[in-house]
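Naming follows writing order (A, B and C), and every chain is counted from residue 1.
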Amino acid sequence: MASEAVAAFAPTDGRRRVKANLLVICAAIALIVALIPLVAVFGYVFANGIRSMLSLDFLLQDPPADLSATGGGVRNALVGTLEMTGLATLIAVPIALGMAVFAVEVGGRLAQAARFLIDVLAGLPSIVVGIFIYTSVVVTEGHFSGLAGSLALAIVMLPVVTVSAEEILRLTPRPIAEGARALGLARWRAIMSVFVPVGLSGIITGILLGVSRAIGETAPLIFTSLGNNFFTLDLNQPMQALPLLIYRNALNSAFDAARDRAFGAALLLILIVLGFNLAGRWLTARRRLAGSSR
Amino acid sequence: MTDSVGSPDATEAVDRIGLRRRRWTGDLTFRGVLAALAVGTTLVLGFMMVGSFVTAAPVYEKFGIIGFLTGTKWEPSFTIYGAWPFIYGTVLTSLLALLIAVPISVLIALLLTDLAPARLRGPLGVAVDLLAAVPSVVYGLWGLLVLVPVMRPLEQAVAGTLGKVVPFLGPPTPGPSYFAAAVILAVMTVPIISAVTREVFASTPRLQREAVLALGGTRWDVARTVTIPIGKAGLLAAIVLGLGRAIGETIAVTLVVGNSNNIGTSIFAPGFTLASVIANEFNEATETLHPEALIALGTVLLVISVLVNAGAITIRNRFTGGLRSGF
Amino acid sequence: MTHIARAGRFGAITLAALMAVAACGAGATTAPATTAPVAVTTPPAASSTPGTSGTAATSAAPVTYRCSKGDGQLNGAGSTFINPLLTKMAGDYLAKCAVQINYQSIGSGGGVKAWQQNTVDFGASDAYLADSEISTAAANGTPVEIPTTFGAVVVAYNLTGLSAAIKMTPDIIANIFLGKITTWNDPALTAANPGLSLPSTAISVVHRSDGSGTTSIFTKYLTAVSPDWVTNVGGGDKTKSAGKTVAWPVGQGASGNEGVTQGVKATDGGVGYIDVAYAIQNKIPFADVQNSSGNYITASLDSIAQAANLPSYPPDLRFDLVNSASPQGYPIAGTTWIIVYQDLSKVLKSQDRANSLVDFIWWAIHAGQADSAPLIYGALPPNLVAQDEAAVRSINWAGTPLLP
């Protein structure tokens, strides 16, 4: 039997060596094929957008009222994105944390049902979320608004943050969990003062991932915040956001200047999302290095 | 009380010591708040989903559930609505996307867990994951403005040769098409599938992998006999995750799919998916039953999402271990 | 405190600060403070198209603009056809009256729906409202449709190396979009273009995928000139073969004039219908179309004016300009209407806002017309302006006219 096993993996078989090498080559090709779009997309957006980004005015000025004029910037979109995503985070994170804690600590049928719905939500196209907010908020209020956009983004963020938080909480190291109990802490004290802080970096990673997802979303905003060519901080007005500006203007063949600004906005957006993504990654790496919860 | 901290007896003992009273009030409020939160969220989400079905009911009544799902004509000006062209488009683009993305993802996962030098694995892994960081509107734009024109001559070549034999690969080749959407979707799902698969492969028992090597097997043998068979369930879960993403992607698809209500006979023909037709038409749906029909398409997406998720949960339950979900 | 906690605290403070700023900024606009409404006198906008017919009615009283501030911003949505013009107008109106006109070009269908659901202050559509669309909005009120400009829908194509523009007869256009003519060197095309050597490239049709007023103009034209089109696309029903959306037999769909322009530009042999401004800006050739008098007409300010400047317009201001009987008129001309409710008290929150809306429209049909010629839009002739004035004056707040 041992001889069979050895025969099965006879090392001097040239054909299998070739197969092994072929595997490595194929895998390397697959990697290159997968990375080509990354480089191509970034290069394309960079090449078309860098012109606009060279001046700081791009971030500090709004688009000119006459969209065909050159110059101006995307301040309204940048601020709109930050404001709507910020509000969405403020709404989604407490709910997500609460749901995660509920699922881990209390459990039971209600938690399962809620978690199932959140899982379904994770796979739902964000356009459907946008439509729901449209019919329930925009139409009843009588106008498009940044608030509606924030609500839609909050719903989009919710599953990402909930799932991350729940995983982190579940992975609380046993010694810490049991230590808290041994100290006689009330359940809620244990969670608030021990489990959450211990898992904080993991939770923050989840939040950052959720934020980077929400920042790049266009579909939920189309029917909710509509877009605004002007600057506003007022959440009751239609609001501009970077993805919306890109979507409406990058194909704008009537005005080259609007197109250029849209590509500059695309570059800005990629950099922001990359920033959040890499920040989350860095946090995870530090967590792993410190060896605290993973 | 000499039991170790972790044993159930110790827990009970702690309970009995009389700390219960102090815990109760705080805990009750806490649990109450959380329960209220969970109920509230469930209600809102549930209301959202049920509300869609209620709004879509007139359409289902008019055409019948089967009639609507299999109807091939979508003509708002005639008040004729049939979901089949879009279901077809969604299924076709998602399957094509998986066909492209899964082999690539598996190969990348193997590379990054087994085959590549250890030093390179980290940075290369980050690079692949960064594919997920590009916003979908940017993918859509790049797809429309760069990828589609580049692919068009290749499509025409295929359509002109293979297409003569297999109409499925034949003309027309306008550029934006099911195939273009599938390629973009593949690019967008590779990071998801490969990330999960990488974790799955990484958690294959080292002992088994090294055993094969010790017996004189090559890396190919390791993959063939250990990594992939053991990781099958996890791989399936990863594929299901990617499928979910592909089905729901809206903006990138709507820019490159060609936006045609007809059922294209070739993968190079323009078409529509469920999500992209909603994005395209909802803004201006003023004809009779048009908005309701679009929401009905949304309910189809909802049901598909539920089914895909249920599948994922079943697989997840069968496969325990460090699976990271929800990218 | 750990790095992470510090970062988290910083992030929380930043977010809180942002929210505080937003709360303080709520309601405040960035429009500069102005004093009393600016009364500007301008001579009535004479039609700037060369060689226009029409009475050069020089009304003695100069037009005044009240420039009500309202809330400092108005929201409009709709036609991509008029987007270049409305955008320019927005810039000029901001400079003149310090009111921001936020116009989002989402397609005429979107504009009509937004107006119906009262999610915007005004809609813009290249197709006048259908009776069913009016009755859907009946709960909010009755519409006032104000023609704001004229434009041309051209058949743009992507072929290089031709010495002149392609001539197309109505039948050719219909058959291309019906999918019956599939190559550029089809006998029908070569017969109409004896001087051109047309290649054998396949024709790739690009049409609109969204609810489009441009589609409405184009399909109304096809319905008027091609019985084949009515049969194949409308099933014999003229109300189905023309409209903002139709059942296109062939072609790929693109969103907005912008999308169709992009589609044509990117596809060798592509053909699509777009507003002439988009074709000119993108340097895409477009066809000379044969009109009902048998002449091949190039879309231009002159040919638009010939088709659009009618001696009289219907009292309800709903009219089609396609298939003009005028010998030098461009056959696929159209109008864009600004659509508002007649009684704004039911749909707007304040009379100030209503005043600002009415003032903008008043300006758009007078001084705003100066923006049209450079963008190849036809300015309104004086007799239509007079009718428009009456329509704007009918806009009221619970019965009281909003214009003095």
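Here is the rule we use: contacts are C-beta pairs under 8 Å (C-beta built on N, C-alpha and C of every residue); 3 or more make two chains touch, one makes a residue touch a chain.
Source: prediction; values computed, not measured.
Look at the CA centroids: the one farthest from the centroid of subunit A belongs to C. Ranking A-B and B-C by contacting C-beta pairs places A-B first.
Averaging C-alpha coordinates per chain places the centre of subunit A 37 Å away from that of subunit C. Centroids built from CA atoms put subunit B at 15 Å from subunit A.
Subunit C has its Cα centroid 39 Å from the Cα centroid of subunit B. Among the residues of subunit B, those touching two or more other chains are numbered 144-145, 283. Looking at subunit A, one finds that residues 251 touch two or more other chains.
With touch defined as above, residues shared between interfaces to two or more other chains in subunit C number as follows: 262.
By the touch rule above, subunit C contacts subunit A in their complex via residues 3-5, 7-8, 15, 18-19, 21-22, 25-30, 73, 75, 77, 83-84, 87-88, 90-92, 94-95, 100, 102-105, 117-120, 256-259, 261-262, 265, 277-278, 281-282, 347. Chain contact summary for the complex, subunit A toward subunit B: residues 5-6, 8-11, 16-17, 19-20, 22-24, 26-31, 33-35, 37-38, 40-42, 44-45, 95, 98-99, 101-102, 105-106, 110-111, 113-114, 116-129, 131-132, 135-136, 158-160, 162-164, 167, 174-175, 178-179, 181-182, 184, 186-189, 191, 209, 212, 215-219, 222-223, 243, 246-247, 250-251, 266, 269-270, 273-274, 277, 281. For subunit B in complex with subunit A, the touching residues are 5-6, 10-11, 14, 17, 19, 22-23, 26-27, 29-31, 33-35, 37-39, 41-42, 45-46, 48-49, 51-52, 55, 103-105, 107-108, 110-111, 115, 124, 126-139, 141-142, 144-146, 187, 190, 194, 212, 215-221, 223, 244-245, 247-251, 274-275, 278-279, 282-283, 294-295, 298, 301-302, 305-306, 308-309, 312-313, 324-327.
Interface residues of subunit C, counted against subunit B in their complex, comprise 106-113, 116, 132-133, 136, 202, 204, 206, 209-211, 235, 240, 243-248, 251-255, 262-263, 266-267, 270. Residue ranges of subunit A in contact with subunit C, taken from their complex: 64-69, 82-83, 86-87, 89-90, 138-139, 142-144, 197, 200-201, 204, 226-238, 248, 251-255, 283, 286.
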